[in-house]
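Two complexes, one shared chain (subunit A), two partners (subunit B, subunit C).
Entry: the complex of A and B
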């Protein structure tokens, strides 16, 4: 038999974590099915048909996945390479402190920084002009608010890279990879073989859940694509909030439909990935 | 490769890496002290402390935002840290702890801003929309699960045995918490406090949506200035935003981030 404190604790846990979530998703589902809301006229699948049949929605989902894949792939990949080649770089000395500094930058500030650096009137464009590489603003490439999300990817990359460098540096020592590498060398492995057959699989396997969570964090990010994205190609959170805040009330059920579909896709993605891992 | 060899190999690169890592902060500081940054000049045309002096002027409202953000984050963090410490114990010792924990991850998986969008109706109906209490409650929905995830690994069999020993020796629950569990958990509590502070301090989407722009935290100020194309004040608000986390880092990076992974 459980103690009363256990019931109170679990009750509080449910009240402040699962309940708001179920309430929100439940309301979004009802709204998307026309069962609630100012303009509701009873059960309908029209909003679901409109969202699932719209190329814009699927393009938004694909764009969100693309941004998350490229930024996290590049950041985690580069961090893995750097830590395998120089595992001690960020472990001791001043770098072990300075590598934490970028974690003090919130998304909105990172977006502002990238805008000031990469936009047509930004610092890099000015530098290119001073070096004689371009003759004016118009010649500088469209890195911010462009179709390929270069600004968004750059911002996420610079936020994720220090995080993965710290993560892999700590894992390298927690997993006692140094000893494992020594064993591999004793058994005749080259440094390259020891890196790719011993260190990389251990680090990748151990960091899998974190990488998946970070991937989802980027996929659902809001501030960075809001400032650095384009109007024609949006990420899912930006599209949802924009539809929700438009003056056209007909867009609101679609915003809720997108929220529900996104939730289902994310749950399926996480369940699939975690099952595959097992 | 021995340690000395490796150190010499990265020795030349270390200052360059440090310069790259410091660049964003120097750049923000430069913009916050600047005026008239016309293209194609590399540096602002004029330098002034007027922007920083305006922090406390009522017109800019930055000082007010700073105070509001600090009060909001500190109170949310305090409640969430101690709340999640106690709740996590009940979750950690439950036989279905893994199932419960999956629920704690969900607010992060769904993206806080989408969660806020789905909950906005209820905040409007309860009169909490656009109010500080509403924003605090919404932030509580994301900080509490994080704290629970964080503390669950703290509650081990050893601690349970320790608690049982206290009971055997005649100690009550209050004594167990005040004399043993809280002192033992001092390090993790500090770490969790700092991390939850950062989550609340950095929050933008959820705060903007539930606060409908009326609860002007510093993150909202940055966005407002960016929208107004006032890059100097946006940089100034950004400096104020990154300052507390840097101070926390300066105090002790071990406490702030060591358990983030």
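Entry: the complex of A and C
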């Protein structure tokens, strides 16, 4: 027999989390199938064919995955390296406090900061000009609004790095990892060997779910790619909103189709993750 | 003497955990150390392993001062109450861990790990991950992982504390057998009177950071302070009542 608080908790979860989500996905699905909406003409798979058959959609998905993989890979990888090399730096002292501050910066502010730093008229470009590295600002590479999403990746990297530093520092000092490391030492491991053979794989395993969730968050991000991305290569949220807000009302069902496909991918990834954890 | 700890003192803040503690351990001997929780047993083992530093005192292994050596260069393996198997490695790789650190040839690793798993009655479990094993199996893998590198001294910190009575009894027999086969020199820490008597060639009693080592089991049994007499009286009383 479950406690009443369990049922209350389950009810609140369904009411405030699952129900609105299902309602949203359900509405998007109906819209994408032509069953609702202002220009609805009854059931059709045309919008799905249009989206799934469009090279642009798959390019967008691939670009979103690329941005998420590179930014999270770099941030999580560097955080792991830093924590293993200098774990005390982030546990005690001023850095252990300041490391929390970037987490309070909204993503749109970070996007502006990166724009001011990396754009052709930005700080780095001007510095490069002053140092004689470029003859004019136009020669500065397209780090912002460019094909490779360097601005987007940089912004996400700087937002994710402190998060992963905090996560790995706390995990590094967890009692169990401490015991595993000590076990490795008495079996003959140097600190470097214990870090690479024990701490790194254990931390990566334990943080896997968090890394995947952050990956999905970056993949679906909007403000940063909106400001720092290019027009030709967009991330999935930007493409969706663009289609939703276009003058052509006929594009709206496609926007809903994209959001349903994206939701299916995310749900499949999370379900796979939960199965793996079991 | 093979291992000697001389006049070890250790404080944590104002609390004196080890108080002028000395012990001697002969080669291939297993010394049981009996003591209540908080008596300083774990701190003593950690100091011997190099995981803690003593405030004062000396540790000598085969005539060599151990204090300047880090844990990885002492060849003293410390086993916790929990088996602490590496969760990302299967049974084979857990046992092979120390050999891999020493860059042992692959063929030799396979042979020695295979033999060790056979000794531990675990050959079918070689490819399993730690979470797929029972508590007793996990503890056996931990023994195998320690023994395969031929440590000079094995420090066992209540290794059977988390096991049920039946598994505990079979593990005690297994360790006795392995200790003989591998000629182990070990310190076995426990808070179980019976376990201390079963496992140790000699027995020491630890109280408030001080260690008293009895030269024979008889001397240990005859000392009223060890609790053996009280335990025997209890069971005798139960027997007579029934």
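In the analysis below, the second predicted complex is superposed on the first by the 256 of 278 C-alpha atoms of A that agree within 3 Å, B and C clash if a C-alpha of one lies under 4 Å from a C-alpha of the other, contacts with A are read in each partner's own complex, and residues count from 1 in each chain.
One rule holds for everything that comes next: a contact is a pair of C-beta atoms (placed from the backbone, for glycine too) under 8 Å apart; a residue touches a chain by one contact, two chains touch by 3 or more.
The shown structure was predicted, so the numbers you read here are calculated from the model rather than taken from an experiment.
Asks: Look at where subunit B and subunit C land on subunit A after superposing the complexes, then choose clash or fit.
Replies: By the criteria stated at the top, subunit C and subunit B fit after superposition, with no clash.
Asks: In the superposed arrangement, does A:106 touch subunit B (first), subunit C (second), both or neither?
Replies: first
Asks: With the C-alpha centre of subunit A at the apex, what angle separates the C-alpha centres of subunit B and subunit C, reported to the nearest 10°?
Replies: The C-alpha centres give an angle of about 90 degrees at subunit A.
Asks: First (subunit B), second (subunit C), both or neither: which does A:66 touch?
Replies: neither
Asks: Of the partners subunit B and subunit C, which touch A:205 in the superposed model: first, second, both, neither?
Replies: So A:205 only meets subunit C here.
Asks: Please indicate which partner A:187 is in contact with in the superposed arrangement: first for subunit B, second for subunit C, both, or neither.
Replies: In the superposition, A:187 contacts subunit C only.
Asks: For A:179 in the superposed arrangement: first (subunit B), second (subunit C), both or neither?
Replies: In the superposed model, A:179 contacts subunit C only, not subunit B.
Asks: Using the superposition on chain A described above, determine whether A:48 touches subunit B (first), subunit C (second), both, or neither.
Replies: In the superposition, A:48 touches no partner, neither subunit B nor subunit C.
Asks: Quick check for you: in the superposed arrangement, does A:12 touch first (subunit B), second (subunit C), both or neither?
Replies: Once the two structures are laid over each other on A, A:12 reaches subunit B alone.
Asks: With the superposition applied, I'd like the minimum CA-CA separation between subunit B and subunit C in Å.
Replies: Checking C-alpha atoms only, subunit B sits 9 Å from subunit C at its nearest point.
Asks: What residues on subunit B touch subunit A, complex-wise?
Replies: So the residues of subunit B touching subunit A come out as 3, 6-7, 9-10, 14, 17-18, 21-22, 24-25, 27-28, 31, 39-42, 83, 86-87, 89-91, 93-94, 100, 103-111, 113-115, 117-122, 140-141, 144-145, 148, 173, 201-202, 204-205, 209, 219, 222-223, 226, 231, 234-235, 238, 241-242, 245-246, 248-249, 253, 256-258, 260-261.
Asks: Subunit A touches which residues of subunit C in the complex?
Replies: Answer in residue numbers: 49-51, 70-78, 80, 82, 84, 86-88, 97-98, 100-102, 145-146, 149.
Asks: In the complex, go through subunit A and note every residue touching subunit B.
Replies: On the subunit A side, the touching residues are 2, 5-6, 8-10, 12-14, 16-18, 20-21, 23-25, 27-28, 86, 88-89, 93-95, 97-110, 112-113, 115-117, 121, 123, 125-127, 129-130, 137, 162-163, 166-167, 170-171, 210, 213, 216-217, 219-223, 227, 236-237, 240-241, 244, 255-256, 259, 262-263, 266-267, 270.
Asks: Quick check: in the complex, which residue numbers of subunit A touch subunit C?
Replies: 176, 179-180, 182-190, 193, 197-198, 201-202, 205
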